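Below you'll find the structures, each written out as structure tokens.
In the two complexes that follow, chain A is the common piece, with chain B as its partner first and chain C second.
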Partner chain A sequence: MRRTTTRRTRARALGTLATAAAVALSACAAPVSNRTGTADDGYASWEDVAADARGQEVSLWMWGGDEKGNAYVDDVLAPAAADQGVTLRRVPVADTADALNRVVSELQAGQDSDGAVDLVWVNGENFRTGQQAGAWECGWTDLLPNSAYLDPTDPLLAEDFGTPVEGCESPWHKAQFALAYDAADVQHPPTSLTELFDWARAHPGRFTYPAPPDFTGSAFLRQSLYEVTGGPEQVPAGPDDDGAAGATSALWAELADLEPSLWRGGDTYPRDAAALDDLFAGDQVDFTMTYGPATLDARVADGTFPETTRVLTLDDGTLGNASFLAIPANAAHQAGAMVVADLALAPEQQLAKADPAVWGQYPVLELDRVPDDLAEQFADLAPSTVVPPFDELSRGADPELSADWVAPLERGWRDNVLTGQR
Partner chain B sequence: MTALVTPAPHGRSGRRVLRARVEARAAKWGRRAGTVAVTALLLVPFLPILLWAFADRWPYPELAPTVWGVGGWLTATAQGAWPALTRSLLLGLTVSAIATPLGAMAGRALARGRVPYGKMVTALLLAPVAVPPFAVTMGLTTVALRLGVPGVVALVAVLVVAAVPYTTYIMRAAYAGYDEGFEETARTLGAGSRHVLLRVHLPLVAPALAAAAFLAFLVGWSDYVVTLLIGAGRIVSLPLLLGASASASGNDPTIAVLALLATIPPVLLLTAVTVLSRRRTQR
Partner chain C sequence: MNRRTASSRRAALLVLPALLPTVLVLGAGLGAAVIQSLGLLPLVGKPELSSAAYRALVVDDVLTGLGVSVAIAAASTSLALLVGATAAVLVQRSRIGGLAAVAAAVVPIPHLVGAATVGLLLADSGLVARLVGAQPGTFPALVGGPWWVAVVLELAWKESAFVAVVVLSSLATTERDLDEAAAGLGAGPWQRLRRVTLPLAAPALVVSGTISFAYVVGSYEVAWLLGRTYPEPLAVLAFRLFSDTDLTMRPQALAVAVLTVAVAAGALVAGAALLRRVAVLR
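Coming up: the complex of A and B.
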């Protein structure tokens, strides 16, 4: 999930723009607009799905920037799919919007079946854009046998960055935003972002954050917005709603005030999360941050990060999100795609990819529902001094803001904090 | 200039020769310095790529990698770099094989002035270069889908259209300076049309053909957006892999390896083309 949502490359901006344009166009052309995605193949039972799936080749379009994720799909998920008679072919894209563009183009051209995209790793903005275009197949997730391991009341799985999921995508991973610190340098770790900001002012030059629109830096902005407003429920639903301007101006005031105390006096910011990690590894700063804390162990183990690296536990919790697998409404191999989405939920698969050595993605399953022996293995998974277990890490997790917020916040930071002070 | 008008009893011409020699030498060194500077300008960006390709760890702000290794090569291999390289080679060669003869024919017709409204046709042929590829691709994807053209066929067709302006432009220039007298002479001496084509015509335009073929190859070799959207993801080429890898932070060794793989074949081809055309002109 890490970067499925908010990859901020120019290509992505272009892609989103083009998708939006295509959506608008297709709305005019109209053959597309009435397909709000019902299970038009009308699978009544899983047996039918499994039977249809045999022999199909499923094209999974997924963001290809995560090398471990690519390796997991190729080496673990694909062989398991092959056992069920489904060939899984991964199409790496620089941007999830590319996959959506292809689907929307097909729908726009009136291609209602036999589409080239069978499955997409998606969440947030791209999911919402696809929903608006009627690009996703809906109402199929309850058929998946392994969905029995999910908690139907889990809010992270019911809404995807504020967009109701409504059976149009099946959960794959959970993610938790986390800050990490070097316990050798930080004797009394802060328990809230406000305390962290105070710590930064007391220790000039020892804290900074990646410059938004870096994915992690952008998440830090949203987390900070929660802090200055008093929590997710205090933030207006959209960036143009009443009270939004007040919330953001408080955020910019806080971050601008913090700026002189940052690394290099805030004259410059690390360009991305990797640059911040390098600063942390080189003991230039005492904090780093990530939306994938499971990777911290490996970085401590290989000596990149100090052994005294610890995840900062915040009293009010941190941002959490889930990412999903969605099937386009016109996918050529819907049955095969459903088999893969089901397999992706299997406790064995969720366990395998939760291992930081394999991928380090948190499971979406409710462990109480998982067979005991497997649940124990989840618990035993890499007991860590660095990262607390996921249930502790995700305690009081804040839901993500609506995807509408992401871009305006990044622009606002650039205009008010990055350039506003000089 | 003053030296030239100063009367000198002996050696006015001698000085002139000396001056000319000094100037020639200065010009020669100037040219050399220029060549070195331009070469450096082209090569320096590759230095970090070369270093990163063999860096297992290179933390900021170190000047050189702290741990050397081939991790990037192993990861790139695991991500499918070699099959992607093969696919890209095939795609580039296919585009080149179609766009080069097309460009040669169009260029010849245009150079001979046999095309009505030749200037307009030239402008139209060059148009694909002027339009942003992303916009064109979005539209053409829909067109190809409506026409029911299979993805890979549509992909090659669109890339050929993108390559034809380059091949036409080069071949038009080549045919503008082409002396048909050679062909006539050969015919007068009894050569058949096949013979004329193979032994006279093609050898004369070979350097231009090679340059055109090289540019057409590059169009197929380096394309991202057409391959992905019109090609419907059927062909996972090297640029697709590179784009996906480079869209994340922290993959630097893999990105460097993929970037090297994407650079080396065109450089080799360019060298071959240059050597070939030099030999031709020297003969």
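Coming up: the complex of A and C.
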């Protein structure tokens, strides 16, 4: 799960450029603006969608590097879609940007309908790039009957890494940043990052974080930025906005002050999350961190991490993000794609893929809205002494910063914290 | 005279099948790197010939990177030459075939595997730390420490095997006869080592040392796995810039790569000059 997130993010970073170039070209080539906005096919009711969908074959383009995810789609989601008369065909791609490139190239060539891609598993930069290119069908997500199980005020579903979702993609999974500690060594676990920093100062050498630009280390920077500024709403939208410099200088001051209390006196940092995990496993530090806490159970079970490993619950919540299903504006089988996106939100489907043995993806639903018997099954899912249930883990989850922040934060850390004091 | 030209021409022809792909692959890679570093193949924006990428490099990063790269290469190559030559001479003198087989077996192990193994051995909570029962925080910082100990040891270990194999093969043909002749003329073991063995091994030492130095300057994985966050060797700096989410950093990454190649090429030229002198001595 952590690797999945990391790989997807890296793939996103690497793959965006070709897409960006294609977008720039398509912007000159054709008036794309009229493609965004509401569904021009104008489905008025779900009955029309369901009727149109029957007999369609939907191509779901998704990153194919996760065996469990592939198996879930083929063995659980596809049969359920077949029951509604929709054939679901999974098209594995090495990089989500490949799917977007295909759509943008088709639009650029003037192919406004009958496109090859019907549905894409997407989030963050690829969604934003597609949005700029007018590549997504918008305004269809409210039609989905199962969207009633979503919390309309959930900030993670309203914005995708800072880009407003605006009905252009339907939620599928959630991910949650978490810190873990060894309860045998940490008697009074901190309840905020500020308390954690104080704990680190009181226990020199027992805390550290992966050096950004590592994905997890970079997430820790964003979490710390929320802490020193007082929360996501206090952080300016972009790194060049008013107040951004003040926010980051407070962050650098805090982290530079913390440095001498870190592992090895802050002389060096673990190169990546795997290296931090090794330190934690070898009892060199008492904390580790991950964007995929569902993996912690397995690592405790196989003896890598101590049995006393626990996820740290922070009062103010931690970073979370969601990934989505989007329908290209020129998809050949939009109705079928909407049926699949709706099915993906069904509590039974969300429950099935939340099981770590099946896939282990956190649900996007609000469990209060789910029928009681199913909600109980979510609660019973793989009861863990290590990781709290997702509703507790995700309480007060902070939305991710805009993707524009990532590179400046990583560079700023290097200049101000890593090399600044030497 | 005529026969000599013909035979050297035939030799050149025989080398061609090996030379051609090497030149093509190397040339294409290097050419692409140079072109990208000069802004002629940008991922974003218009192609334009400029030295902007070179000028935009953070001078401190490049200079410290250069220092670290050269220091690691010099330390590990010196150590590799010492250990490799000693091992070769020991094998040659004692005629223990097993030792030669060990050296030959080490050569094909990838550095990545070697580095991971050395990490398991020397990390703060590695095998050695556990064997001596070190308390957390008390084991010396061999991995990721200020002196790059684990990095130099791994590179020296792998390269010493390479040196030993090259030196052994250079001694194998003639050394025994000359050594026995010198012994027959009354030369002691120390004299034979200095007057016979070392001069015979010198060209092989220069060649293998040069190759090892150039290799280490360009190697990435060992320093990444066993090194520290800052400062970083040139190869690590280049790869960090290459994988930066900001795609406009790509030309700078290639500029660092081109500089790294220049350093390695400089080492090869110096090695070739040294070889000429050593060969003349012989």
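The criterion applied here is as follows: the second predicted complex is superposed on the first by the 322 of 422 C-alpha atoms of A that agree within 3 Å, B and C clash if a C-alpha of one lies under 4 Å from a C-alpha of the other, contacts with A are read in each partner's own complex, and residues count from 1 in each chain.
Keep in mind that, in the parts below, a contact is a pair of C-beta atoms (placed from the backbone, for glycine too) under 8 Å apart; a residue touches a chain by one contact, two chains touch by 3 or more.
Worth saying up front: this structure is predicted, and the values here are computed from it rather than measured.
Of the two partner chains, chain C is the only one touched by A:Tyr269; chain B is not. When the two structures are aligned on the shared chain, A:Trp61 is found in touch with chain B, with no touch to chain C. Judged by the touch definition given at the top, the superposed model places A:Asp278 against both chain B and chain C.
Touched residues of chain A were counted for both chain B and chain C, and B has more of them. By the document's definition of touching, neither partner reaches A:His333: not chain B, not chain C.
Within chain A, the residues touching chain B in one complex and chain C in the other are 14, 21, 278-279, 281-282.
Chain A contributes residues 3, 7, 9, 11, 14, 18, 21-22, 59, 61, 63-67, 70-71, 74, 91-95, 98, 101-102, 105-106, 108-111, 116-117, 214, 272-275, 277-279, 281-282, 304 to its touches with chain B in the complex.
Remark: chain C residues 43-44, 60, 123-126, 136-137, 141, 144-146, 224-225, 227-230, 240, 243-247 touch chain A in the complex. If you check the complex, the residues on chain B that touch chain A are 57, 59-61, 75, 78-79, 134, 138, 141-143, 145-146, 151, 224, 228-229, 232-234, 236, 240-241, 243-251, 254. Residues 10, 13-14, 16-17, 20-21, 205, 211, 213, 264, 267-269, 271, 278-279, 281-284, 406-407, 410, 414, 418-419, 422 of chain A are the ones that touch chain C when the two sit in their complex.
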